[in-house]
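Pasting the structures here.
Okay, so chain A shows up in both of these, paired with chain B first and chain C after.
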Partner chain A sequence: MGTTGLPTNITQGSRTKGGIGESTLRPDGTLKVTGEFAYSSDMWHEDMLWGQILRSTVAHAEIVSIDTGEALATPGVYAVMTYDDLPTDVRNYGLEIQDTPVLAHGKVRHHGEPVAIVAADHPETARRAAAKIKVEYRELPVITDEASATAPDAILVHQNRTDHHIGHVPHPNIVHRQPIVRGDVAKARERADVIVEGEYVFGMQDQAFLGPESGLAVPAEDGGVDLYIATQWLHSDLRQIAPVLGLPEDKVRMTLAGVGGAFGGREDLSMQIHACLLALRTGKPVKIVYNRFESFFGHVHRHPAKLHYEHGATKDGRLTHLKARIVLDGGAYASASPAVVGNASSLGAGPYVIEDVDIEAIALYTNNPPCGAMRGFGAVQACFAYEAQMDKLAAKLGMDPVEFRRLNAMSQGTALPTGQVVDSPAPVAELLRRVKAMPMPPEQQWRAAGEAADVRELPGGLSNTTHGEGVVRGVGYAVGIKNVGFSEGFDDYSTARVRMEVVGGEPVATVHTAMAEVGQGGITVHAQIARTELGVTRVTINPADTQVGSAGSTSASRQTYVTGGAVRNACELVRERVLELGRRKFGTYHPAWATAELLLEGGKVVTDAGEVLADLVDVLGDEAVEIEEQWRHRPTEPFDPRTGQGFGHVQYSFAAHRAVVEVDTELGMVKVVELACAQDVGKALNPLSVLGQIQGGTTQGLGIAVMEEIIVDPKTAKVRNPSFTDYLIPTILDTPTIPVDVLELADDHAPYGLRGIGEAPTLSSTPAVLAAIRAATGLELNRTPVRPEHLTGTA
Partner chain B sequence: MVSVTDRGGGERCVLASTPHEQPMNEPGPPHTIWLKRNHSETTETKKRAGQMDFLRPASWEEALAAKAEHPTAVPIAGGTDVMVEINFDHRRPEYLLDLNRVGDLYEWEVGEETVRLGASVPYTRIMEHLRPELPGLALASHTVASPQIRNRGGVGGNLGTASPAGDAHPALLAAGARVEAESVRGSRLIPIDDFYTGVKRNALAPDELIRAVHIDKADGPQQYSKVGTRNAMVIAVCAFGLALHPTTRTVRTGIGSAAPTPVRARAAEEFLNAELDEGGFWDNGRIITPSVAKQFAELCSAACNPIDDVRGTASYRRHAVGVMARRTLMWTWESYRGTAARTEGVA
Partner chain C sequence: MRVTFTVNGRPQEADDVWEGESLLYVLRERLGLPGSKNACEQGECGSCTVRLDGVPVCACLVAAGQVEGRDVVTVEGLADFAKQRAEHGGCASGACGTADAAEGTPLDEARRWAARGTDSQAGEGTELSPIQQAFIDAGAVQCGFCTPGLLVAADEMLERHPNPTDADIREALSGNLCRCTGYEKIMDAVRLAAARQSEGV
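After this line comes the complex of A and B, so read on.
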């Protein structure tokens, strides 16, 4: 790392101050650190009511009866609604498959499913009234895994499925199945000198964003509703909300409220429809805020997975084949399960050259908590398994694990198991080389202080469990591959509206998109792009709302690529108009107006040779130039349902990690000493934000390696630890130093050559930590997270 | 966020769940808490269902009188246990007895042999000011939650809640503390060994409050270890406290989160006391042999009666208590040997 703390090797600066490539500061950064930022949970409206959701106490049951009488009679209560009170025939929603009831209809399918909603003049009144609703359940057996889901007499989680996956799944309790078949695995196996097999288990991780689900719905005089909401994609919410309310989309006006983190957990709806229903029913503004306990039930989680992998290799270390089966638990509702299956299968071989591949991925319907999008999205689970396999193979061949990976690493031009030839840089071997070359942290840093051990540097920290006894260091490596953007033929566009005018004697650009700023720094980047393209200093970023076209989702590492691309595109169109204006006004004064390549820089129109032709203030005068335009990346295509072949992904993103851990081998406590990362980012539009994304993604990967897991009782399918008391996320004392080495190899298909970066570090961080713990303990460790029990034989 | 307005005969306080104050309506919503300047006025106001009376005695005597009048009243000082339960609606006591105005609960006295530690002295203070006198408790205090919680919480709350996972208990057991409990009927000292009577139950009578804890100043090395599944801010999976008492030539232990209540490993103590005695270890300062340490550790594991839960397995807890017992014994004994050697040198 450089002295500034920024990643190394980044190109700095641009010709207009504050443009792309600079680490301009986030407008929301200081407010968030000082606690002044207004999150969605901070909103308040005169005369507003508070909404409360009553959730099921059992995972799978028929609803015999619901008695709302006592709740309705509670003073201060304005409305109680159940399924029967829904205003239209559209009573389900869902990202892809509309299988999720707005309120439970005759049946609940998971612990914590919404059954009824209440509005009252105080949150406590609403909560107590909800508790007075009497729901009689007739419990059903729970479906919790593949065996119970596909048993001959298994209850169908969803009867009478009509979605477009039902035709190709082997059982109605399977949401989607995607095979990826290439070459001839049986034949390739004959060439293998060594074969390794592994059965891997990946636990259920929570996004654990700190700002709980919340929003405010305000009924409007025109019969519509204004919804202020923390979400990842305003227009996707809108498409699901409006039909349930029986309103046209233009009467549901949505504005993004302050988002306290997302990580995929806000792709699905939570309280949006409930707040709108109560607002329209009562004629009053309704606010809903989940508490932490409810939040664990209020959003989808990362799919837990069971993965069976078989790899072969020749004596000289070349991979021969891969046979894999990935079973993802989608829980009670589909959410993003089909797309997660697509990712897990198509990226299931990892960033390696393997000609002969047979992968099958499925997602189950069960009565476990619904699972959907989370940072890394299917690629995370696969990476955990294939990287464990790489270490096993290297060990069996007596090769260095990094050299073995480098030998088999894919590169630009490699055909993936989907048949897609990767047509932009894929520096997998180079990332591994770089991360291995980074200096190692000193051994036994706890001794450095002198006589007494510094327990803060030891496993257990201030809990004072070891002064060095039993502590063994381990080092592990991993690398991963993640797709960027929405895949499989999805029309993944974004929209930007850019306006340029003179305000206060200065040219000002205004950028308006519906992009959800969830902490990724998109608003900073949009301003940088506008400065670079339009040569202005002042840029106004309008609040994200549905008064402008869709920006697509803030997920899949796509927003800088796609909405950044849309902003650049709109800026280019605005620039053309401005130059036309300039030609009309001043073209006769200088021949360069007609002949030269013209740019906007530093508030002026200049030639590419640097000659100033006019001031933008004079060119614009009183006129404003405004353009709203959609922008698309190149199209992808669906995977063949039988073979998985197809140009399915628009871009790939790669990161490699080296983990250094110290394990108290007697107590099973782990201290991650360092997690070094090397990543190719194509082009760092904002180096400081790039660093933040890589460090954040790395830490989230560390969490699932050593502590984070939602524990679901296998007998009842009930969540056992829905709180930050028992669902642990890393504290600063668990977070190691994260040196970052960044490569900028341009992808010529992408704006500025950039590469989506937010997810790749979450992939390789987890298997690197696991590999390091294996190195320290000699244990096989086929499950994550690793708990002290697993390291001490006391599970 | 709390706003307080004067109302005839008392103060009304609204606990709002957001930074935005809610208008106060009449009649008040069920979360309304009545503040009484003088608790004798409570009888004049008819309580609404779900309401809590918030009793704010200005002195210890008033606190005892309030507790006598309302034995179901839940004392609250730092609030780090009670407020969590109230916020989650796990508990809705009829009366909250706020001890924050009773200043002497925040004080401590270091006597000739004993520290009298006020029930509300925050853990931060124990860490900063009482490390030489109460090294085991100071180490335990370090492991409590986060700095913010350590600035609020005190040992009285740990004892009042009597959760087996309370961080202070193993240190108090190892040090042989005595709990000063008082009611309008009088004051008594409850030996810590008799204090924990069941899961989240203690030996206090309904009208008693904890005023202080009496802990002998350390006469030898003390250690404390706690296992959690992250490196800070974590509830104990299990914990272990150990104190050497060279004056009485005894060793005392305390185990947390590995039985329905905090417990001592009595058989382990007896075994070790006998070994140290027979071998003349207290005098000759010899190294404790691995086999003795191992047997001590096994006996400590055997003193556990743990359960499987989301935080850890019973099997792991037994194992970890054994490891911590062995390690803390080695640390304290090495420290004792060092001290003994230095003392001999001086002599």
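After this line comes the complex of A and C, so read on.
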């Protein structure tokens, strides 16, 4: 482990080849490039049926009747199920609050809610049969925003709430409320020489993972079911699925199928229970695969938000206070809304020193699409607002926006508005300095090739809308703070089973966890950790399933920290047992067995001075050493419900961006020329994967800045653009070069000093692009995404 | 209906195909070739890109009946396809080292080509095409769902255009969405494959 604040030395790695610190290649890489890797939608079973979900066509309505007769009579249909066919009294599920019906019960609360399910021998047969189910709705008024949710006569989205938040929320249509209050804002306000206020709007983003929700449920002879599924957390799914099926958890055997991306969108259940229900009903394997249209209804989205911010500063550029109110739209079901509120409020001040703070964050229940986890949740929305505020303050004070930020940047030892003193490196000023120092891309790149403009380098691209006329460059900066791991007192543990034995005359380690590999490269890192700790070359990564203990979720930038920590811990225990074995067998031959610090390296037991004592092959013989053990990071505590004070987060993660954009000011077209990033990663266990996470996260932030938004009709609460034709994510032409400066300052509390990295780059990317567009256009731009009409005044 | 066509050099027959089925569905669900991916099924994401008589197409937008009697190459056959190309006056001989080799694989050549078996389910020892190897080496694969379509598209681009500029690569791959990588490592992979190809590695 490195020393706090000192560089961890990216190139050092371990003395066993392929250990931590090296850019080893993905163990699943070959299968993924040959098309053989089995994703959840690739599952196939003889005699399998296809499941189809019928979803509500309206957002808020009572269900008067459901007639499944014609659907059931369709040739090729094996089963049609509605709420009345559910096998037990447990008919709801949910991550924290069990408020989501498996199938609609008398009422639908959002557009696209599951009402009935069908199994048939061909997907088209199932689709057509589902379309024959007649559902009569009596429509209700829709709740779509804070005003309609908290109006005196507002219909309650959920009647008779019994969850643990109902006691402290001001209205039953508010899922959760978290204030963060520290110091005396009124008094601090008097010290302010300048005050800036802003009202910011953040659009609804979709995770848009490419692999659609899908899986295969196979009924088993013991009355249970085997489920092959793409998810972020097998054991969380299991806990929600088994009671609905009326099965003990050991009869629902889950195996992780290939996951085509996640980004938070697979934290909640989608088709898992539906496939199991149909499989158990028909006695046949059932496969369900959403198409892209259905996928937009099949998972939660990023919370859209309205944020009101007021900051003050003295004329020498010191922040005096912050007053903020953040309203997140959670949609029809709670999902991860409480945690999103916790993040938005506790991280709402950003990575700055502000003594006097009054923040309130709430999440609403509405009839809009349910919102929950997406990369950086809560912190992303807040960062967009506070970074816009920083630019406004700097402008008002006549200061450079980067210098203004650096002047107010937090650092190790800063007390956050929650009272938590940050006890590991927080190099916010340094990241800003680094990202600003990176070389600028050349001006007018479209002229690089010669006389004629290369329109591919210009706003509007191959639409050929400009050859440089009206194009203005702008540069913007932003920085953000994200928590790592599950927070607020959650028991955030993981489990690893590590086995060591001789196979084919060579020592081999086998690592078995339930960690969902969703593309992030956790399996690569697990093999590296095993090599480093056990001194072997060959590591087998077993498929993730529920035959081993929970790994927790692949989210919150936590898996390398927590499951990586569990793998390291299990390896250390295995190593002790192997050394014990060695002492018993060979201890009498060499005194160092008893006296020296022993390591496993290069397939051998060696002393810390490098003397070889034995070959692992001889130590192990025909014995296998296997250990399964849980591992937890240090505990956190809940935020005080009135003041938000508390040691709420285990670790923080920081990234800064510089965006360079070119804007066609006549047409409102934006070309992002470059998005440079500087990020502290603590320790890069796999530098290549680290870059992939930072560049991928940056690009999702770019998407929120200039194109991505689920449009919900405010009159009907219906989704208007559920397709990749109408919901745009960045293509390779939209995405600029993303140079990255990786800083490695060890966090002493974390395994190897590492820092969770996946989310931080998604935070600052968006406000940096917005700042650059503002710089190019002089417009205020208080909403994201920015579309051409916002730049041309035709919105 | 019955559809008879050639996939990765082998004659294939699919029976009881419903007229509304796409080439993608027939490949994935009837022929056991799920490498071509079903990310949007509306021609926007490129994850199902295959070669149809040499031309890259979204298999989700091709009706199964349209492929009757034609040649399809999928990601599963890409390594052998690239090898065959190299052996028949492709890059191995230097013929695609000029910008004029813009025709792609001639149809009769594609027809002569046949896939060969690989030895391991775990992928060890699998022979890969240069673009496949470059995707692994450059870190261009994360979740991997976009990868098959990108590989087929990038391989076809390098066949036409062995020394592409960055702008050329971006233009050629603009029909293939990736949600994980931010495309930087994909750019690296294509540059790497082009460089190795021109060095004859």
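The rule we apply is simple: the second predicted complex is superposed on the first by the 777 of 795 C-alpha atoms of A that agree within 3 Å, B and C clash if a C-alpha of one lies under 4 Å from a C-alpha of the other, contacts with A are read in each partner's own complex, and residues count from 1 in each chain.
Quick note on the criterion: a contact is a pair of C-beta atoms (placed from the backbone, for glycine too) under 8 Å apart; a residue touches a chain by one contact, two chains touch by 3 or more.
Worth saying up front: this structure is predicted, and the values here are computed from it rather than measured.
For A:733, decide between first (touching chain B), second (touching chain C), both and neither.
Both: A:733 reaches chain B and chain C.
Could you say whether A:122 touches chain B, chain C, both of them, or neither, answering first, second, both or neither?
After superposing on A, A:122 lies in contact with both chain B and chain C.
Does chain B (first) or chain C (second) touch A:578, or do both, or does neither?
Neither chain B nor chain C is touched by A:578.
Of the two partners chain B and chain C, which one touches more residues belonging to chain A?
Partner with more touched residues of chain A: C.
Can A:500 be said to touch chain B (first), chain C (second), both, or neither?
Neither chain B nor chain C is touched by A:500.
For A:260, using the defined touch cut-off, is the partner it touches chain B, chain C, both, or neither? Pick first, second, both or neither.
In the superposed model, A:260 contacts chain C only, not chain B.
When the two structures are overlaid on chain A, which partner does A:464 contact: first (chain B), second (chain C), both, or neither?
Touch partner of A:464: chain B, not chain C.
For A:787, select first, second, both or neither according to whether it touches chain B, chain C, the two together, or no partner.
It touches chain B, and chain C stays clear.
Using the superposition on chain A described above, determine whether A:544 touches chain B (first), chain C (second), both, or neither.
The answer is neither, since A:544 touches no partner chain.
Just checking: does A:227 make contact with chain B only, chain C only, both, or neither of them? Give me first, second, both or neither.
neither
For chain A, which residues belong to both interfaces, chain B and chain C?
Overlap of chain B and chain C footprints on chain A: residues 41-42, 44, 122, 124, 289, 291, 462, 725, 731-733.
Within their complex, state which residues of chain C touch chain A.
18, 20-21, 28-29, 32-42, 44-45, 47, 74-76, 78-79, 118, 121-124, 126, 128, 132-133, 135-137, 139, 141-148, 151, 167, 169-171, 173-187
Spell out the residues on chain A that touch chain B in their complex, using ranges where they run on.
It is residues 41-42, 44, 75-76, 121-125, 127-128, 289, 291, 293, 459-467, 469-470, 666-669, 671, 706-707, 711, 720-721, 725-726, 728, 730-734, 787-789, 792, 794-795 of chain A that touch chain B.
Contact residues on chain B for chain A in the complex?
Spelled out, the residues of chain B in touch with chain A are 17-20, 22, 25, 27, 29-31, 50, 87-89, 139, 142-143, 223-235, 237, 310-313, 315-316, 318-320, 323-324, 327, 331.
Can you check the complex and tell me which residues of chain A touch chain C?
Those in contact with chain C are residues 23, 25-26, 28-39, 41-42, 44, 122, 124, 207-212, 258-263, 289, 291-292, 454, 456-457, 462, 518-521, 688-689, 691-692, 695-700, 723-725, 729, 731-733, 735, 737-738.
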